[in-house]
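This structure is in structure tokens; I'll ask about it shortly.
Here the chain labels run A, B, C, D, E and F in written order, and each chain numbers its own residues starting at 1.
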Amino acid sequence: MLTSILSPMVLAFLLGIIASRVKSDLKFPDSLYQSLTIYLLIAIGMKGGYKLSLATFSEVWQPSLVAIGLCCTIPLWTYWLMRRAGKFDVPNAAALAAHYGSVSAVTFSAALAFHDTLKIPYEGFMPSMLAMMEIPAILIGILLARINAPSPNGETQVPLKEIARELLAGKSSLLLIGFLIIGFLVGNTGWDQVAPLFDVPFKGVLTLFLLEAGLVAGRKLSDLRKGGAFLIGFGILFPILHAIIGIYLGRLAGLSIGGATILGILASSASYIAAPAACRVALPEANPSYYLTSALAITFPFNIMLGLPLYHEIAKLIFN
Amino acid sequence: MNNLNLLTIIAEEVLAASIEKEILEMGAKGYTSSAVSGKGLHGLRDNQWEGENIKIETIVSDDSCKKILGHLQHKYFDRYAMIAFYHPVNVVRTNHFL
Amino acid sequence: MNNLNLLTIIAEEVLAASIEKEILEMGAKGYTSSAVSGKGLHGLRDNQWEGENIKIETIVSDDSCKKILGHLQHKYFDRYAMIAFYHPVNVVRTNHFL
Amino acid sequence: MNNLNLLTIIAEEVLAASIEKEILEMGAKGYTSSAVSGKGLHGLRDNQWEGENIKIETIVSDDSCKKILGHLQHKYFDRYAMIAFYHPVNVVRTNHFL
Amino acid sequence: MLTSILSPMVLAFLLGIIASRVKSDLKFPDSLYQSLTIYLLIAIGMKGGYKLSLATFSEVWQPSLVAIGLCCTIPLWTYWLMRRAGKFDVPNAAALAAHYGSVSAVTFSAALAFHDTLKIPYEGFMPSMLAMMEIPAILIGILLARINAPSPNGETQVPLKEIARELLAGKSSLLLIGFLIIGFLVGNTGWDQVAPLFDVPFKGVLTLFLLEAGLVAGRKLSDLRKGGAFLIGFGILFPILHAIIGIYLGRLAGLSIGGATILGILASSASYIAAPAACRVALPEANPSYYLTSALAITFPFNIMLGLPLYHEIAKLIFN
Amino acid sequence: MLTSILSPMVLAFLLGIIASRVKSDLKFPDSLYQSLTIYLLIAIGMKGGYKLSLATFSEVWQPSLVAIGLCCTIPLWTYWLMRRAGKFDVPNAAALAAHYGSVSAVTFSAALAFHDTLKIPYEGFMPSMLAMMEIPAILIGILLARINAPSPNGETQVPLKEIARELLAGKSSLLLIGFLIIGFLVGNTGWDQVAPLFDVPFKGVLTLFLLEAGLVAGRKLSDLRKGGAFLIGFGILFPILHAIIGIYLGRLAGLSIGGATILGILASSASYIAAPAACRVALPEANPSYYLTSALAITFPFNIMLGLPLYHEIAKLIFN
């Protein structure tokens, strides 16, 4: 267990947080951040597609249904709770619903690394779940806002179809889905050609990325006030709840304990690449400091540092 | 004599594509863009996670300038981190911009 | 009518953080920064080893402008590679900057 | 009083080195450069394959300004993607630029 | 054969084209593109130099002569054809001659990957051919323009010697030639030190680069109109012709079927790093949308996707 | 011996110098330089920390004392000599003291590569010496300036404690020390996860970095005049002196011949990441063209190309 908390990734994330608290001048150039993002999305997709090509349809279809089901329902109750308990206005509740219904590729990667470290096997096709779960929730979130509130100053809105197109063409889903397909098609020969770049050094790159993630999360910690106690509680308890549901349904869908835990982590993670960009355009009235703070400064750190081992323990209970 | 202004728009980078499209539709013959970071009423914008800014500069006639500013004010100003300002400039080849 | 200036400061990048802090303290409501390279009395500044420049632009009132320029001159000008210049600009939403 | 202009040149990046050299030869005491992308009569210039633009800003006297503009017009304007414009600015330490 | 078309590189290139057609916001930061270019040039040069150090002069001199011969004659008939059949003015014909006489390092890399995939051996010193063939054609193209047309408005031109210097000092030939020499000098010890960065992940980096190449090629497809039917025909038929000549002469020069095919691909490829920059400075009257469109949007995609297998088949015919 | 001079790193550095002398347009994007710096600091720290975890305290404490001793005393006599013999004013003498008392991570890396090439073993915990030696000398240099000269125009100075904080939080020491600790904590499992990125390709990345270093050093060669004969002599003789002292004390501290040589190289190297930034802020009156020219254009190239083999020979004498 300790090896999982003392992993280079978690420690690098901590170092990033510390660095930003001590006002270090350490800063990743923008283009390094963008390059690392591109790398991670390609690497995840490629490997997932390759593994998917080794799987049988019968293994995949049930987990897929569960994944879709999760990312379509999570936004609904999230929205409802935000409106009722959180007293958030329509756009902010909808934006939070979109973020928590969608998924985080980096949290996902950390989960894979976590399981590798503990030598716990999991279904290789899990990245396809990641790809499936990214967009639907964002669309549902935006839809919720449109149903529940007319456009602010009676203005022409971006049509939902256009938003869907932009999301699908958006770099994160385009790279994930695109390289899922590529990985699926290239077979062993192709995989062996790119594995030295996209597989072998993956955990090292993830360490680098989490250092950068820590730098930003650390800075946003100061914004927690803005979020308030409710958001903090929500940002921790909801992911746990979603993880439990995800693990449980994952088991029903026939996933191994590893795969189910990873599905749970997908459910519990919040998006911070696709969702923020989409919400900024489609829900400009939503205040980023709510959804960014809870996704980046609360849920993400919690999942990376405490969530993973916790969900693993929960999975053990559920599987026995 | 020529009456051209350098109109500068600083806005959230997510808006870059649409603003660039719109200013051309409103009479600008071109624009120049660059990535910038900054601070304002909407707080610090200096990292890719929370989003940075785009600086769009366009040399336009008085009319287009007014038109663009009106449009920006109506469509973006009260919902996005954004400022715009302009001042007269002297150019060579005025026709290039009209 | 509004009396706002666009004040541009180009200085060694090591000074970015302190200058940005100080101009806000002296009345600026915001600023926009970008990395630039350049040449001047202190020679060529175009690589990370020897250091490049930061360009800080801020829209400020006449008073703040004078105040900031005075401060820069006193604290930095004779010891760092640095220039500063300003000119009046027209803005929308003047209050945004005052 | 001082009569200084901020002259801004936006041109294909391949020209950066020669333009920077030439404006110094024509009386500029320095310049500031940054990479930009943009669109104009020569189409969209926003990727390294087709080439992007360089923005060169220099604070110069009226004479140098005219001289540089004449030179640019003669040597580059009808063959390269390029624009140039200028406007008066107030500086501290005028002598720095003359 | 299929494995060669379903290679990660080709598919990534296709994905790039698709991404730009669906107006994806996927964009490689400029500095990533520049870094990948630097990496590819170093990696190609280094490995080529190392392999060259293992070869004997007698193996190398004949192919070298052929390579030089090719890149000095191709511009001549290209120019002639462009003027006559293409009705292009002097600068544009000369620019196209320069581009098609010169070579593309990425097409070359894709060709190596193609042969590795099919386990077809080739002479390891081929990168030295690439290095030799880059510059002469560009100089000849510019020379053709100067001979056939006086400077536009009787203006002082950049002296040809200065252009030659700039080309040799230009980043692409400086890195290629420089690391050819370095690779030649360092021997096994040195090669083993850098191979983990410059050899092992090479195909992965190439995949990344081709994704970016696809993004740009896809956008330029819209410019095909400007080029017109003639340019499209030229951009496909000429490379095939050059490939055939290259393969045939390669065989005469004693190259293996793999080496000869690669020499053919060098002949058929068009430059888009060294040539465009040089032409922009030395032939400003030439319209980039002609040479860039044909090199980037026609010849490059054709060679990557269909040319490689085609030339391989042609080589089989020529060698039997 | 030749293999050490004909190493890819040294040759890449030479190529960089040549490139800048022939006015090549080769330029590394800023963000590539920054990314390579981040990589090198993390890689050095991580591996050092991991090796440190395998070492016993008894092996480490004596070399550590020597390292601290060296970086605290070197600035003193450097300052003294600069004032007396060099006729430098207080701020410039102090800045040079800070630079030569501190250390260069890249020279250090080149030294490790040098020993690996010659298969000479050295203590794996040497990076912790690098980390210890970076900051003290810079503080002492600044302190010397403050003691010996009142603030220029009676102005309020940055308090020394603030400077110390900024140095510790500065990216170079934060990454070095931070990843020393991380490497120390993660153990084998963690190290194996990141070694494929931070260890295996290290020498290749170093080659890339030295190419860039050569580009800058080559340009600064033209500034040598400004420095004058004294600075050139100082920039070569002083490092040799410091190396001899370092090697000798290293032997006394029980280091192997490899470890002692590396300690000597640390003593002889001059900082150009932490020191210049700190001096610019704390000693603005010091003229960068003195300390940058001597550190970058004299000492660094000398150490990389001639110093390493020379110090190795000296070490052989001292150890017999």
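A few comments on the model shown:
By our rule, a contact is a pair of C-beta atoms (placed from the backbone, for glycine too) under 8 Å apart; a residue touches a chain by one contact, two chains touch by 3 or more.
As the structure is a prediction and not an experimental result, all values here were calculated from the model.
Traced through touching neighbours, the fewest hops from chain C to chain E number 2. Among the remaining chains, those touching chain C and also chain D are B. Traced through touching neighbours, the fewest hops from chain B to chain C number 1. Averaging C-alpha coordinates per chain and comparing to chain B, the farthest chain turns out to be F. Most remote chain with respect to chain D, judged by CA-atom centres, is A.
Each chain gets a centre from the mean of its Cα atoms; for chain A and chain F, those two points are 41 Å apart. Remark: chain A and chain B have CA centroids separated by 34 Å (rounded to whole angstrom).
Between chain B and chain D the centroid-to-centroid distance comes to 20 Å (mean Cα coordinates, whole Å).
Taken residue by residue, chain F touches two or more other chains at 25, 29-31, 34, 200-201, whereas all remaining positions touch fewer. Shared contact sites, meaning residues of chain D that touch two or more other chains, fall at 34-35, 87.
Pairwise, the chains that touch each other are A-B, A-E, A-F, B-C, B-D, C-D, C-F, D-E, E-F. Residues 4, 6, 20, 24, 29-34, 59, 87-93, 96 of chain B are the ones touching chain D in the complex.
In the complex of the two chains, the chain D residues touching chain B come out as 10, 34-41, 46, 53, 55, 69, 72-73, 77, 83-87. Within the complex formed with chain A, the residues of chain B that make contact are 12, 14, 35, 43, 47-52, 75, 79-80. Residue ranges on chain E touching chain A, taken from their complex, read 3, 6-8, 11-12, 15, 18-19, 22-32, 113, 116-117, 200-201, 203-205, 207-208, 211.
Interface residues of chain E, counted against chain F in their complex, comprise 29-31, 34-35, 38-39, 42, 46, 165-166, 168-171, 174-175, 178-179, 181-182, 185-187, 189-190, 193-198, 200-201.
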